[in-house]
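Read the structure below first, then the notes.
The first chain written gets the first letter, and so on, giving A, B, C and D; residue counts start at 1 in each chain.
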Amino acid sequence: MASRFVIEIAYDVPRLEEKLLAKAASMNNLSVKLTNVRQTPLTLERPSVDVTLVRCVSMYGAVHAAALREAVDIKAINSSMAILYSGDKILTVSRLKAAGLLIPRVAVGLDAEAAEKALEKVGLPAVDKPPIGSWGRLVALLKDLDDFRLVLEHREMIPSSHMKTHVIQEYIDLPSRDIRTLVIGDEVVGAIYRYRPSDDWRTNVALGGQPVSAYLNEELREISLKAARSIGGEIVSVDVFETETGSYLVNEVNGVPEFKGLMQATGVDIPGKIVEYAYKTCRK
Amino acid sequence: MASRFVIEIAYDVPRLEEKLLAKAASMNNLSVKLTNVRQTPLTLERPSVDVTLVRCVSMYGAVHAAALREAVDIKAINSSMAILYSGDKILTVSRLKAAGLLIPRVAVGLDAEAAEKALEKVGLPAVDKPPIGSWGRLVALLKDLDDFRLVLEHREMIPSSHMKTHVIQEYIDLPSRDIRTLVIGDEVVGAIYRYRPSDDWRTNVALGGQPVSAYLNEELREISLKAARSIGGEIVSVDVFETETGSYLVNEVNGVPEFKGLMQATGVDIPGKIVEYAYKTCRK
Amino acid sequence: MASRFVIEIAYDVPRLEEKLLAKAASMNNLSVKLTNVRQTPLTLERPSVDVTLVRCVSMYGAVHAAALREAVDIKAINSSMAILYSGDKILTVSRLKAAGLLIPRVAVGLDAEAAEKALEKVGLPAVDKPPIGSWGRLVALLKDLDDFRLVLEHREMIPSSHMKTHVIQEYIDLPSRDIRTLVIGDEVVGAIYRYRPSDDWRTNVALGGQPVSAYLNEELREISLKAARSIGGEIVSVDVFETETGSYLVNEVNGVPEFKGLMQATGVDIPGKIVEYAYKTCRK
Amino acid sequence: MASRFVIEIAYDVPRLEEKLLAKAASMNNLSVKLTNVRQTPLTLERPSVDVTLVRCVSMYGAVHAAALREAVDIKAINSSMAILYSGDKILTVSRLKAAGLLIPRVAVGLDAEAAEKALEKVGLPAVDKPPIGSWGRLVALLKDLDDFRLVLEHREMIPSSHMKTHVIQEYIDLPSRDIRTLVIGDEVVGAIYRYRPSDDWRTNVALGGQPVSAYLNEELREISLKAARSIGGEIVSVDVFETETGSYLVNEVNGVPEFKGLMQATGVDIPGKIVEYAYKTCRK
């Protein structure tokens, strides 16, 4: 790789992932520009970078950072739209559905009354999530109507329109795990099972879910690429449920993927592959 | 027009505009399906409608309603993306800039520290707005640093990431008015001046701004169409500032435009034109 | 009663209760001054009233209105302190306990970590309530740890220190009802059972709980007066649980009591008694 | 001092003050029990302590911790009521006024409409504060109506009834400083001026205000004791404004006083005096 090429890493909360990306860029003789978007104002003057890896934890922070780079003709990976499509669960299911992928049954209530009827359509037990949110936060398992009322009343108190919106989804009684794959460009670089911790019904690693390497069969590979493309993503993780009948349902797509767990479980050099992809896509 | 064609009007708070649209559709022998998204769950089953006019006051409500119709292959006007691009002020300026349009100088702070530096870049006086919001709400004129601190401290208390984001814009010392044009498809159907009320520095009609018919010159027409296209909008209003040197700056674009004021000031049959556009675009 | 005496009714949301109080005052030849505290600024100038009945739905609104009258030497019924002691559930249990009354077992967590340990002390199932709140709102029945996590996560998102505070109380498996008594001065004027509706575990009338007249035995009478005095209340309702062993536990005290249900179930002229009490206590 | 006596220090965020208090207690051969109320559930079982110094930064945390100790017959310094009276600015002015102390002119609006009229009563410029809050946070200087609208609109978005409440106070054009005194029991142990920093109109030390030792004349001494007693406080700081005519106005009272600045400026051993006071008051 040539040495003048500058990769910008736009971040807010520096995690292990961002450090590994910076290291990988250096090892490939690329220049790195670290931009903490909490400290750096973003303007419409073009910075001297060739590509921006968007790594903000804040979903809208990521979208806004990507968009302001695109405004001055710098490629953002992922694009602002891909981050939005994957970051907003209603946009995600809309795109997955339009692309013909199988997903859990879902009904959306944009306010309390509509949410009640949405729950009737989906039936109990169900999962109720706000359209925005990470690490399983505020994702509620509704076992009965008391649970639903609890969620409704609390969400009403949070002054964000997203919190009044209920994405109500069929509860898939997982075999105590789900699958996460990671897509980089045209390649699916790995897959893991995430096992549910003993004290939570959710599988999120942030909540204690255990990552274990998984076999990446052809069907999972195809579904992952199709899901990534449906939201316009280049580097994304895809969450998949297995059903009792052996089919796969795409649950969510993440446009600013954490990859520590998958890297450790599979041994794949994710940061190296991401940096390589960014370079190949953007060099002139 | 044929009689089987069904226009869905998706709304949350019924305003005069929605009633006029329903009436215009009936007068053109089109069927109307009114969908109150606060009461009706939105699913991924295709409803029997040919096009959806998205008229929700809630920006994300509008985006989500549009996306869930697009998911089942129904055209939404505007599209979910156009509503998002115009509804999020950072996405708007990014698209306007990428399209080469002139806009007020702007710097974005994604958190308090970045916002302080953004204000230094733009200078005082400035306008500070959150990326999301309608009718001028929470749009602050910063005359001095006390004003800025006031805004910073209050926004920190509002639990929405949008409220921690500061879009800081050059204050254009308007000739006590701005210009609003309305685009429907390839046509700019009218323009008004909105005069500032005596007791507020903002021109929003909701705050008492007075609408007066304005001459629609060729430059305004071109700018309006270019602005509409930059965000992928079909039916949008465009807010334009006049500068001392006689040039135009595009300030904002609205993807779910209110048009009562413009209709009254110009005498143009806006609802008729919108319904006609929706029909022509979607009939088979 | 003399005719110059002026009763002020301070309110925010006018309910049936406030209208009945105004009517009762007129029928007793008292002057009535209605003060909507949402529209009327409260100052430290003494208004021409002899007593203020504080009837604001907003708990702090009630406290503040009472305090500002007391500041200029007007008696407020209830006093600002009584409203606070009864309106804040932690202050209530502190006062009830100090007065030697039996109450359900309780532990308070002032933050998430402390709340977890508080729940361990009380055990499952338990009731988790914020210190402030009416009509059973945000009062959660914790059947298992999933319920608790749901409540914790949601409360964290609400930007009020009260919402981070968890009053965790032993769940009393009611005989599908609780008891509410009403105290006016030295008299307990009535008691009702509130029966749990079929679709909610709470008995609040606002949630559909059915009020039925109850026999007021001597023990209930004593407990009610003692509870009222413990918080310094003159006109309060007292919520009581019956236990399996036949003893009574005081659950809550309300310093701005709604009395419509009790009035209808018992036939007692509550507004007349309140007005009479206010007059007798304050005439010179 | 005897050695079995146990002082509990109840805190949430440990500051220098709490460490100094613990040290002073040890040096006086008293036992210290540190209770982090964020980690420790508070129950109605009596802990083995003789007195509780309440040092929580969270105002309601302090009130609740104090009340739950009082419930089991342990003296809290300050008492729950004193902390509440001083922590809620409306209760404070009510008590100061009832005690005949001079205070800045004030009008309270419990909602937007009432706040507008309250501002008319007080006139511009004015200070607008929510009833609860520390370190000058959200205390706004209203120079004109634009400032007021800014505050109104932002406060409406914060989901706490306190934020809809506007305590509007005459703006006292200080000689760039205010006075803070510290009361311990019957003694006023010191006074400081707090000078306004160059870049903020507020004098709070947390905002950069500079503390300088001040002469404690007889009038200040009397006012301070009277203010402390009016809210039932034993250990409080009192904020005083000087007016052009040479009189003193009591602005606020703090029931969980920070004393680092005063200690450094005056050289008085505050922690020692507080510990001594607590011991003398509570030993049997």
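Observations on the structure shown:
Definition applied: a residue touches a chain if its C-beta (ideal position, glycine included) is under 8 Å from a C-beta of that chain, and two chains touch if they have at least 3 such contacts.
Being a predicted model, the structure only gives us computed values, none of them experimental.
Pairs A-D and A-B differ in how many C-beta pairs touch across them, and the larger number is found at A-B. In the contact between chain A and chain C, the residue numbers used by both copies make up over half of all numbers at that interface.
With centres defined as mean CA coordinates, chain C is found 46 Å away from chain A. Separating the centre of chain A from that of chain B, both taken as means of CA atoms, is a distance of 29 Å. Annotation for chain C: residues 157-159 touch two or more other chains.
Residues 12, 37-44, 56, 58-61, 63-65, 67-68, 70-73, 80-81, 84, 88, 90-91, 93-95, 97-98, 106-111, 113-115, 117-118, 121, 131, 158-162, 165 of chain C touch chain D in their complex. Chain B meets chain C in the complex at residues 157-159. Residue ranges on chain B touching chain D, taken from their complex, read 137-138, 140-141, 143, 145-147, 149-151, 153-155, 157-159, 163, 199-201.
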